[in-house]
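Take this structure, written in structure tokens, and hold onto it; I'll ask about it next.
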Amino acid sequence: MIIILKQNAKLESIKNLKATMIARGLTIHESIGDFTGIIGLIGDTSKIDMATVASMECVSDVKRVSEPYKAANRKFNPLDTIVNVAGRKVGEGFFSVMAGPCSVESEEQIIEVATRAKAAGATILRGGAYKPRSSPYAFQGLKGDGIELLLKAKAATGLPIVTEITSIANIDLYSDVDIIQVGARNMQNFDLLYELGHSDKTILLKRGLSSTIEEWLMSVEYILSGGNNNVILCERGIRTYENATRNTLDISAVPIIKRLTHLPIIIEPSHATGKTWLVEPLAKAAIAAGADGLMIEVHNNPSCALCDGAQSITPDDFDKIMVEVKRRVQFEGKILS
Amino acid sequence: MIIILKQNAKLESIKNLKATMIARGLTIHESIGDFTGIIGLIGDTSKIDMATVASMECVSDVKRVSEPYKAANRKFNPLDTIVNVAGRKVGEGFFSVMAGPCSVESEEQIIEVATRAKAAGATILRGGAYKPRSSPYAFQGLKGDGIELLLKAKAATGLPIVTEITSIANIDLYSDVDIIQVGARNMQNFDLLYELGHSDKTILLKRGLSSTIEEWLMSVEYILSGGNNNVILCERGIRTYENATRNTLDISAVPIIKRLTHLPIIIEPSHATGKTWLVEPLAKAAIAAGADGLMIEVHNNPSCALCDGAQSITPDDFDKIMVEVKRRVQFEGKILS
Amino acid sequence: MIIILKQNAKLESIKNLKATMIARGLTIHESIGDFTGIIGLIGDTSKIDMATVASMECVSDVKRVSEPYKAANRKFNPLDTIVNVAGRKVGEGFFSVMAGPCSVESEEQIIEVATRAKAAGATILRGGAYKPRSSPYAFQGLKGDGIELLLKAKAATGLPIVTEITSIANIDLYSDVDIIQVGARNMQNFDLLYELGHSDKTILLKRGLSSTIEEWLMSVEYILSGGNNNVILCERGIRTYENATRNTLDISAVPIIKRLTHLPIIIEPSHATGKTWLVEPLAKAAIAAGADGLMIEVHNNPSCALCDGAQSITPDDFDKIMVEVKRRVQFEGKILS
Amino acid sequence: MIIILKQNAKLESIKNLKATMIARGLTIHESIGDFTGIIGLIGDTSKIDMATVASMECVSDVKRVSEPYKAANRKFNPLDTIVNVAGRKVGEGFFSVMAGPCSVESEEQIIEVATRAKAAGATILRGGAYKPRSSPYAFQGLKGDGIELLLKAKAATGLPIVTEITSIANIDLYSDVDIIQVGARNMQNFDLLYELGHSDKTILLKRGLSSTIEEWLMSVEYILSGGNNNVILCERGIRTYENATRNTLDISAVPIIKRLTHLPIIIEPSHATGKTWLVEPLAKAAIAAGADGLMIEVHNNPSCALCDGAQSITPDDFDKIMVEVKRRVQFEGKILS
């Protein structure tokens, strides 16, 4: 951490600042010039609050040199983490395709979709049971019953399942769920992250609607620092001024996450754009950029369901997309798993 | 709601769409031209999911005509809501100043700040007990003990208190809290909003980091639709590309909220910008724009506290700001309450 | 400027870096720790390209300590600049109201609007002659004829005029124009800025649609560094994700510009939001925040003109707004000029 | 175009609105319900200004149904445009790689880079002569001499050249330039676009820093409507709140542009992110997403040049990237041209 002093900083104030930092176990490197005074802090600065330091009387600005996340940091954990999901691997050379409806609606629906998805090559079944909706008047999912139906589809097809949690109060219902998803709106629900960090479940952490990559990794850190290392990241588009798509898929997040962390990252092209015809080209781009998997919405009747659907593709479309996905996963030298 | 049909839409598909909408109790107005077909839906469309309609085969685009929020909508509730906070009024001609430290740190600190804030003219005491922090390694607040200390300060000064909730699991600790704050990161924690909507507490709902005004009002709707009408909104800056300030204060939100809803809105200039020298000019702008109050961070020793502080002002600075605030509240013909 | 070295930086590479900087007349302060090496550069770093330094082999990151603008910087020019516009002052305690139509349409129109605007208290007449339009099919203004009409209105009312330039090729037409406006889309048209910096005209420089304050000040620097110190800044809203308003008025820009520079800044509430009912509350907020003036669109028949108009108010509305503006300018201890 | 009327709209005002639209040759479809009145306009609405209509007394909102661009619109020009650049094809199945330094610095430099780029497989040489720089104190390029040096490199290698124009005043210097680039900051310099639309040069139009896709296509329309159909689009990253990269590459722009228009689109991964290690993964993603080409900065000594460089890769790195590019262009069934 580097502290840039004000030009007219008082000596006593600088002295106080240095004493505070030394008391926190940090070593100080000073560089005072005619126009600029700089104090470099060496040591573990992850617990120093930048905003507080910035507010100190003698301080003009504060800049971090090292990342504020440790457990997620590739510098300290250079090897790729491969997450094990009910025997299927996610990460490094193993590519995962999570497919299924936005919302579980009925036993018939989820089993049909699961069966079709598996036949096409999907490796994990997704489906929404608890649905966070921006309107209190919109369908909120089948909740516990939805999880039951997902488990039936799992029994019928052998596919592991991933479904979203919206409150830690329901955690017991997820005991047989293979991956617990934390949605974009809960990415900074720190109470929830803390509890999941103290569980042994695999967590799929979606990026917040307008979270920076650093904020996202700090949320990962909440889980890892609790002792749970089974985390998969999911980029699903960020909020920008552009309105041609619902969100803007930040494809750069894939190589950046691979460089900064040791964790797998998947892409969700469905939510990113809200347009079914963009799913295929963005899935191709994601594979080429180095993603470890895809999450794709598949619905057996996207045009009739009156909750969700705009970004769902049909099982027939999914079949075609998966032909391309398989060809390209192979081209990248990876294994569908 | 207006549905714009595809140019090559099949008649059967259009027929299905119309039947679905009629089945939902809506009346249909058709306007089919050579180049464009339009279907207008008349009736209560608040439960129709736009994304689903947009996904239907024959549909090119869907546009809302009426707002998706009802209980918050001034159209249906033209009179200003005045929220009563332990005998103090917020809204319409009553102006509220909520002041206090970002975090409660000790009994001595909170009572000193509360006493100074009250003397300067503050009408409500704010203070953080449960602190959502982006880093798991940062100070997370004194939690339950912090609420106890706020209650002591309330007893000592008579000021009502406002403090943030981060999990519904702790709701019992807030029984004597006058206003429960929902922070920006929890603005779309719908489980939390639902529960607060079924309580009788006054809720201060901050705008999410990058929430649209409509999303914000839908979150308000979660609370109001549960039967709780005691809601105060708080604009605290939105996320933009600009990096001269931490966030960009959206001053237009004040007149927009006053026009769209019947609820009071206050401004928090401290968090909006992260710079103490901007608190005064932005507080002045907020009063002039028609805000019903201010939330200002005041700390008795901002430069030494090692959690938070960059945006806190000292009690002496607060005294000066309040001289200006009082003059201007009076100029606007409002009453400090 | 502070250079943060890579942990594994080669000594030779560091040596080269230092030699390069010394050759550019800079003094070097080194601080090499076990985990972090920092090089501080003291001297005039305004000509050092940060991106290039960042690309050097041994460099991890580069951070500026001092602002890259000089002539606009209040540090080096502490006194407020008061711009003289045909005898009227803009800046410090002098408040300016520039009013008029988005587009000049006819002699009758511009003289009527000018007369009404002057009567209401406007101090400068605005009007568009060259109109940059996003569509090639939209009305592009009366061009040279429009400037002629503005000059007639100036002769008739005595109000100085401000109008936009879109190409340096037309500069001769602006010889009797009192203030040349550079629009948001041309804020980084550096060829145009350079030429205007070598003229003696007063320039009104609008902020770009998504320009940072620093970029805006660098564009100011293009003008000032050419020797032309007659610059007024105009904040007119920035592009964000919010769609309740056309742009988001960045009210913080007012106190920030006042702190960073010595130049006057005015606010344009009309373009910022695209809604006439927001003009009055935002004008009030601008005055309270410390702005040196307002630019307001006034049209004698906003509902019929088929180019522009959504954000125009009528002369009658302007009369009412000006009553408020005058009261508030006086309240701030400023003089309408 | 759909006009949504205010609930309390006066009949006379509606009558005026309809008369105005009929006078403009449009056909009107009305749909007046109890709560909502809608007027659909059928015909060529591209010259109707939405903002003006929105400002009319009886109007609540206006929404476009059809795109405001014609010449660029795939609906009216379904076949892919293949742009011919000195015998090399760009578009449809032909993939272009434009490589070279950000700035031309010397004859030796540009010829070496051109030779290396060609050997690696580049098909067009890029190089900056007129450089728009945000600081007036930064190196602004070799200008006319830079173009001369590019022409020497073209003579030496046979590669067509692309270089940026910043002012129409210099157009004569570009007579032997194969592609004239319009940079992001000039995307809405309509005077420049107009002139280029009346030339016969091939234009590479970069997307503005925070332009919507629709605004970008309206700028394309300025060129096409002048009679010049030789336009290539270039996505180079948009401005968002994310600061891990300089800009956020909007990969979705590729399939969207291919769907909305008939024009070729290339991707510039260098400027998009400002990080050399992101060039390769983003180039791969661009090819997979369907881009018609790449623009890549290559510099023979990126670490020493004191203007630009952070995003430049070395010729050796470029060799490696091109091995991947060639493999992938072939995989997509396209031809490097």
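Each chain gets a letter, A, B, C and D, in the order it is written, and its residues are counted from 1.
As a convention for this text, contacts are C-beta pairs under 8 Å (C-beta built on N, C-alpha and C of every residue); 3 or more make two chains touch, one makes a residue touch a chain.
Note that the structure is predicted; figures quoted are calculated from it, not measured.
S.K.: Which chains does chain C share as contact partners with chain D?
M.R.: Intersection of chain C and chain D contact lists gives A, B.
S.K.: Name the chain whose C-alpha centroid is farthest from the C-alpha centroid of chain C.
M.R.: A
S.K.: Hey, which pair has more contacts between C-betas, B-C or A-C?
M.R.: The comparison resolves to B-C.
S.K.: For chain A and chain B, let me know how many angstrom lie between their CA-based centres, rounded off.
M.R.: Computed from C-alpha means, the inter-chain centre distance equals 26 Å.
S.K.: What whole-Å value do you get for the distance between chain B and chain C if each is reduced to the mean of its CA atoms?
M.R.: A distance of 31 Å separates the two centres.
S.K.: Express in whole angstrom the distance between the two chain centres, defined as the mean CA positions of chain A and chain C.
M.R.: Distance between chain centres: 40 Å.
S.K.: Which residues does chain B have that touch at least 2 chains other than itself?
M.R.: Only 210, 239-241, 243 qualify.
S.K.: Would you mind writing out the residues of chain C in touch with chain B in their complex?
M.R.: Per the stated touch rule, the residues are 210, 212-214, 238, 240-245, 248-252, 254-256, 259, 272-273, 277-278, 281-282, 284-290, 328, 331.
S.K.: If we count contacts the way the header does, which residues on chain C are in touch with chain A in the complex?
M.R.: By the definition above, chain C touches chain A via 2, 4, 27, 29-31, 33-36, 38, 40, 42, 60-61, 63, 65-66, 210, 239-241, 243.
S.K.: What residues of chain C sit close enough to touch chain D in their complex?
M.R.: So the residues of chain C in touch with chain D come to 16, 20, 24, 46-49, 51-52, 54-57, 68, 132-139, 166-169, 185-186, 188-191, 194, 197, 209-210, 215, 218-219, 221-222, 225-226, 239, 274, 276, 302-312.
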